[in-house]
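What follows is a pair of complexes built around chain A, which joins chain B in one and chain C in the other.
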Partner chain A sequence: MGRVVVDVMPKPEILDPQGKAVAGALPRLGFTQFSSVRQGKRFELEVDGPVTAEVLAAAREAAEHVLSNPIIEDVVTVFDASDDVAAG
Partner chain B sequence: MSDTQHLGGARIGVVTFPGTLDDRDAARAVRLAGGIAVPLWHADADLHGVDAVVLPGGFSYGDYLRAGAISRFAPVMETLVDAANGGLPVLGICNGFQILTEAHLLPGSMVKNDGLAFLCTEQTLVVENATTAWTRDYTQGEQITVPLKNQDGQFVADEHTLDELEGEGRVVVRYAGANPNGSRRGIAGITNAAGNVVGLMPHPEHAVESGFGTAAVQGPRAGTDGLKFFTSVLGSLVRA
Partner chain C sequence: MGRVVVDVMPKPEILDPQGKAVAGALPRLGFTQFSSVRQGKRFELEVDGPVTAEVLAAAREAAEHVLSNPIIEDVVTVFDASDDVAAG
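Right, the complex of A and B next:
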């Protein structure tokens, strides 16, 4: 079974209210090392067979047209994570 | 034939998606304005010959991907996008506004409210454009009060798009006083270039009948400031 990972992040110029809330909470909990936080989304798309070039192209198209809104978000990465144990 | 009889002939479609909350209120607003409300279903691509369409508020498909993102691909939207581009009046309220931006019928997008909180308040607005299909019964600069209730209500767009909206008079309503959700330039509603497609974050359909609306000088819940959105489109159809 193959797996494709798509990472989507809010655009840098868009204020990210969720990241801002987390950034505010961290120092209150003792994590004072981090000056800012941005929160994005990770999608894991599974296929029955291997991740072919076609599958990756389809994942890229889905990432651009459905999984992200280009007005407010960037597709950061689309990659074959079939052998990525951490992803399982 | 009186105006009322003319208005009675207009059929306004109200679309229900999974997760839509305000379809009944929108249909009621259409009836109180003098129109015939026609229920439309997300999975049915047929608009059943309606004269205009309302996309009501709610949380279509749970908003799990992004507000309005999945509804955009519903069969009814495929038909609606073509019809709207052809001049059919379409009003998107709250989640309906989010769906219109995801469908690229209106520019910009919505993100979570600046304060992160779900808002539920009686909001005063300034009508900035009283020439659209949905606002022509208002006057330019008129202040109205209707409910505002949303989670992802912060309107965002790049500076170029915002300048274009302002320059072309396409900001329909703006928040009066303090900006409740951080929307760019206090924008609460916009229209397309033709003026037939309007998206609003606030909810005019919740202030259409005395006794069930906002606070007004006549008394609590007496406000009916939202009704003119619905009478406007009926008037637009008669004149068209």
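Right, the complex of A and C next:
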């Protein structure tokens, strides 16, 4: 069984209230190392067979048109993560 | 400037209605390659200096205690993504 991972993040110029909330909470909880936080989405798409070039292309297409809103989000990465499935 | 990426996913035994909704939409839109989808979160934590071992340890601690709910979520990865910042 294969897996494709798609990472989607809010565009840099877009306000990210969830990330801002986390960035505000961290120092109050003792984590002062981080100057800012942005929060995005990670999708894991399972495939019954292996992750072929066609599957990856379909995942890229789905990432652009279904999994992200191109007005406010960027697709950061689309990659074959089948090794993670094998590893458990 | 450094960046640490934290990936958080719903635990396998936890229902994931967002992932289910995406999995239902994909075949209707012509993407029949994917048998199931899970949706999680990706955090990008910015650091003013370099990502040292201490910064990574703090990020791991924050991932477990602030960025995820350990009852229903797993921290999948915590890694230094400073190269992505340099690359733009």
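Note that in this section the second predicted complex is superposed on the first by the 84 of 88 C-alpha atoms of A that agree within 3 Å, B and C clash if a C-alpha of one lies under 4 Å from a C-alpha of the other, contacts with A are read in each partner's own complex, and residues count from 1 in each chain.
Basically, a contact is a pair of C-beta atoms (placed from the backbone, for glycine too) under 8 Å apart; a residue touches a chain by one contact, two chains touch by 3 or more.
Source: prediction; values computed, not measured.
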Touching A:A25, do we find chain B (first), chain C (second), both, or neither? second
Chosen between chain B and chain C, the partner touching more chain A residues is C
* To do: Identify the partner contact of A:D7: answer first if only chain B is touched, second if only chain C is, both if each is, neither if none is.
  => second
Once chain A of both complexes is superposed, is A:F34 in touch with chain B (first), chain C (second), both, or neither?
second
Check your understanding: Counting only touches as set out at the top, which of chain B and chain C does A:L45 meet: first, second, both, neither?
Key -> second
Exercise. Is A:P17 touching the first partner chain B, the second partner chain C, both, or neither of them?
Worked result: first
Request  = Mind working out whether A:N69 is in touch with chain B, chain C, both or neither, as first, second, both or neither?
outcome  = first
Note: overlapping chain A surface for chain B and chain C spans 66-67
Note: in the complex, chain B contacts chain A through residues 65-66, 69, 73, 101-102, 107-109, 111-116, 154, 156-158, 182
Residue positions on chain C within touch of chain A in the complex are 4, 7-9, 19, 22, 25-26, 29, 31, 33-48, 54-55, 58-59, 61-62, 65-67, 76
Residue set of chain A touching chain B in the complex reads 10, 13-18, 21, 66-67, 69, 71-72
